[in-house]
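As written, the chain order gives the labels A, B, C, D and E, with residue 1 at the start of each chain.
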Amino acid sequence: MRSAHIVLDGHVVAENLSLDFAGGRTTCLLGRSGVGKTSLLRHLAGLLPCTEAAGPVAYMAQRDLLLPWLSVLDNVLLGYRLRRDGAQHRAAEPRARALLAEVGLGDRLHDLPHTLSGGMRQRAALARTLCEDRGIVLMDEPFGHLDAVTRLDLQDLAAHLLQGRTVVMVTHDPLEALRLGHEIRVLSGMPFSVGPVIAPPGAVPREPGDPALLALQARLIGELRRLS
Amino acid sequence: MRPLVTALGLIAAWEILVWLAGLPPYILPPPSRVGVVLVERFDLLIEQASWTAGEMFLGLVLGLVLGSALAVIFAASAAWRRWALPLVVVSQAIPVIAIAPLLVLWLGYGMASKVAMAALIIFFPVVSSLYDGLRRTDPGWLELARTMDASPRAVLLQIRLPAALPAFASGVRIAAAVAPIGAVIGEWVGASAGLGFLMTQSLARGQTPLAFAALTILCLLGLALYAAADRLARRLVPWHPHQGD
Amino acid sequence: AQDKVRILLDWFVNPDHAALVIAKQRGLFEKQGLDVELIAPADPNAPPKLVAAGQADYALSYQPTLQMLVAEGLPLVRVGVLVAQPLNSLVALEDSPVKTIADFKGRKIGFSVSGFEEAVLGAMLESAGLTLKDVTLVNVNFALTTALMSKQVDGVIGAFRNFELNDLELNKANGRIWLVEKHGVPTYDELVILAKRETVDVARTKKLLAALAEATAWLTANPAEAWTSFSRYGKDLDNDLNRLAWKDTVPLLAADPSALDRARYTTFADFLVKRGLIKQAPPLDSYVREIK
Amino acid sequence: MRPLVTALGLIAAWEILVWLAGLPPYILPPPSRVGVVLVERFDLLIEQASWTAGEMFLGLVLGLVLGSALAVIFAASAAWRRWALPLVVVSQAIPVIAIAPLLVLWLGYGMASKVAMAALIIFFPVVSSLYDGLRRTDPGWLELARTMDASPRAVLLQIRLPAALPAFASGVRIAAAVAPIGAVIGEWVGASAGLGFLMTQSLARGQTPLAFAALTILCLLGLALYAAADRLARRLVPWHPHQGD
Amino acid sequence: MRSAHIVLDGHVVAENLSLDFAGGRTTCLLGRSGVGKTSLLRHLAGLLPCTEAAGPVAYMAQRDLLLPWLSVLDNVLLGYRLRRDGAQHRAAEPRARALLAEVGLGDRLHDLPHTLSGGMRQRAALARTLCEDRGIVLMDEPFGHLDAVTRLDLQDLAAHLLQGRTVVMVTHDPLEALRLGHEIRVLSGMPFSVGPVIAPPGAVPREPGDPALLALQARLIGELRRLS
């Protein structure tokens, strides 16, 4: 990404931004609320005016964006429905079922989204994103509505399934960034700039109890606090 | 039950109004007289009603099909939208008497010209509401679909169209309510049959009670059509319309 | 094989069409080798145009209408007549303050659009020393009698003497009538048969007129039997108004549908020119054809 | 610019159609002839148009006011909904044109009857779409309002009504497009002025080009009204309609 | 709350539930995603069929529910607008402005909600809830979309402003529950039952670094894990 500008309705979110994301690895974005994380992700997904995605992406937005008239299973298979490739669609269905079972929705496959709780909806959206099977995966607060236990489980699931892909993930939880990110970057300022790469040691997903991680967490929080 | 009570109340009010105001039958015949005519001329009325019902139904179906197709085309293609939308609006302002000879010329004296006329009136609410609905899709869904490499066609069929169904349902209701107007206007074109025709004729001949008998049947037809359309409209939106995001 | 003939009526089927209906019912057309279809229009002004456009073989219309349409360039010719006198009249309610035409000053007069009401009414008003400016003309569409009875208008022009008076009577109102031809309007043929100028089929028209003549002769001789027959032609024909109108109409039907009074046409054309409805009288032979 | 091009293209197509189909001028006059009449009889046309425009405008205003009021009442009161909603549907099932002759008898041949007719045709799309919109409020907002002890009135005025504005805008568009039908039918059934009146009269006299000149002006009026309503409708919904939650 | 049943579309969420909430204190609800926390809160707010709220409540739902046609400031004052009491409305306005400044939206008072980021919207909804000034306050994941630093700040703000009120708060963050809750209760099972009261020592808001808290956090997470 080179010399990008992000301007929304005259509001300059980022100026002359150059940024590299490590291919095949997970980058976690942290930053104060309203700094521009979602805007950056949308820029990367090619959703802002005059932008192009770097390749096929899977995008998980901050809202769950489930279609209310499709069952949970059909929502997860939405990409395949939209691409209207029957063979791939059929091939993806068992995977979608398996994913839904893994996120704990195995018994709600045929329910409509409005009967789900907030966290269940988010899990369905997560399953949809993982089912997409893309080289670049962009996720905006993917675990925000989940309880601590489910969150850890799904972090493991995601880390496992996203191995080898280029992932950019926005999160508000420093520990989550430290568990999942090969690299962590902090956004700050207005228009925002992106801080230096923080690369915790070890393979992802890292153990949540690891003291090194907790020490880094304290440092990260300090950093965030300092920047505001 | 309740509609029946309403209907009876209405009829009673009408009868009383006629009595109290001392209205002569050529201005407003009392329901009792209309009832008598309704029974006496039942065969005639049913025969004419079958024409009108046919026109209404075909006009509605044609109007729905054409209207939906046009709305979808407008939503899909900016070029069509630009060039043809004003045409559609103009088509609403054209009164039947001006184009009746043209329609007869092109479609003959049979039912076709009447159905065409009815469809012409009915299709606008459908186009307008469905097109409005198609324009109001949640942008979040559209963005999601873009990241999924959906073709514009797939987005239209699988996202914008289902999302527009509540608006379409509104349009179907209005179209069903407008259908009787369409059918009666349609009956001004071409040859002579139908309740609207019977009404004009009996009004011109001072047979006001017969005209009202025809009007009553027309009302019942309209109500039946509206009820059917309302049921259809409800079917279209089985999900809870607002927990979509 | 029968020769298919489509005739557009001027209005819903009514006793004015007695000859056509009776000829059809008694097989008089078939006897001439014609298979006649009668089509009632929804808009009385459409039939001449549709005939001119070749959408039907004959249309019923009115002499003044014919002359105006021809002046506007429609290729129409008169080939026969059903009612060879005016039926048109000016009517007011008997118990209204309007006792003479002069009493219409400052009042409303309703009409059903025919295109020449201004000419006819203008002449009638002038015969009483008024002009069109002294009255307000209101299009009341088909509701001539109702408009009159409900007192929305003080008089109506375009009322047919064989119909509207009976209609008033049935509604327990009495009308005061002024016949157009008695008040400054030249006499004319009310109901004529038109065909397209370029394609008049003389042989076929001859057969048609012959059948009509035979039908008229029969129905004038047997009015009661004819009424029974006529009233069964359509389900809605058997009513009090038609029964009364029948009696008044039968004597008015032209015994010889092929008759032509040329003078009537030139006089009336001059009248229309004088009243400013047409700019110039078209040559007579361009729009009347005597079929003998 | 673009509407102008559309208009020119339309006129060209019409001229070509007349030529190719060999349509006689008394069925469909070519625009060149209509243009001549348009210029020659401009004064007459404008005078008549002012009547029709007045009827359309007043009818639209009346229809919008009545329709919105009724929709709001229906949304507010279950009793009204139960008893009067069927009435409203019946009132639509009675085609206006069928009762047009009666309306004229009741309201006279002046402007009132035409305005009433236009309003009658217009008000149903307004009621129907606004009422549909009022029923589809996001239940989350209604729950929030309930915890805030909002009176039903406040909920209606401050939440359901603004939330229904997009649907109302749809209804306004349809109403504007339908308004010319109402005015013209009114004039057709009984009038002494107006474009519809002028059309009937010139059609009866075989002055088809004059009738089409009147029709042209009628179409322009219809388009202008629609454009105005469309602008109003857009004003009604300045916020982004779908990021509401 | 005595012998309550919560049934949604035939789905039994809770049966024969009896529960007391300590008046004037803050109770935090924890539990796995989909267990019924939101349903319980809606029950308390009187939003489910056949339920009544115990008194005037302020309710902050899981979605932000900002009205798209009202400015941020007007959204915060929504309750006063709806109650149509001019005097109170005028009195509340300075408070609304102050609250918005405190949640960091002081410069966005007159913007429409769709120009805000997700976290900003949540902060506006929080300001609206706090502005309501009610005896009972029900909050469903009120800080879910906020970064760690903002979250701590707003926790302090909320704890301060909600002193003396009866607060029931759903959260997924055990540490948050431990910072803010006089009492903590864990929901589990299907239909759910409510675990015993956990009352951490000390006044709220507690210090996030407190080792006692961290120990309790580990215990809570263990509890949640065990229950699933």
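Here are a few things to note about the model shown:
By definition in this document, contacts are C-beta pairs under 8 Å (C-beta built on N, C-alpha and C of every residue); 3 or more make two chains touch, one makes a residue touch a chain.
Owing to the predicted nature of the structure, the values given are computational and were not obtained by experimental measurement.
Traced through touching neighbours, the fewest hops from chain B to chain C number 1. Two chains share more touching C-beta pairs than any other pair, namely B-D. Among the other chains, C has the CA centre that is most remote from the centre of chain E.
Per-chain CA centroids place chain A at a distance of 49 Å from chain B. Averaging C-alpha coordinates per chain places the centre of chain A 26 Å away from that of chain E.
Looking at chain B, one finds that residues 27, 97, 101, 105, 138, 140, 203, 240-241, 243, 245 touch two or more other chains. Each of the following residues of chain E touches two or more other chains: 63. Shown for chain C are the residues that touch two or more other chains, namely 49, 53, 142-143, 146, 150. Touching chain pairs in this entry, ordered by label, are A-B, A-E, B-C, B-D, C-D, D-E.
The touching residues of chain B, when paired with chain A in their complex, are 138, 140-141, 143-151, 154-155, 158-159, 162-163, 165, 238-241, 243-245. Chain contact summary for the complex, chain A toward chain B: residues 42, 45-47, 53, 56-59, 61, 63-69, 78-79, 81-84, 112-114, 132. Contact residues of chain A toward chain E in the complex are 8-9, 11, 30-34, 36, 38, 62-63, 104, 115-120, 122-123, 141, 144-151, 172-174, 221, 224-225, 228. Against chain D, the residues of chain C that register as touching in their complex are 45, 48-49, 52-53, 65, 68-69, 71-74, 108, 110, 113-116, 136-143, 146-147, 150, 152-153, 277. Per the touch definition, chain C reaches chain B in the complex via residues 12, 39-43, 46, 49-50, 53, 55, 142-146, 149-150, 163, 167, 170-171, 235-236, 239, 241.
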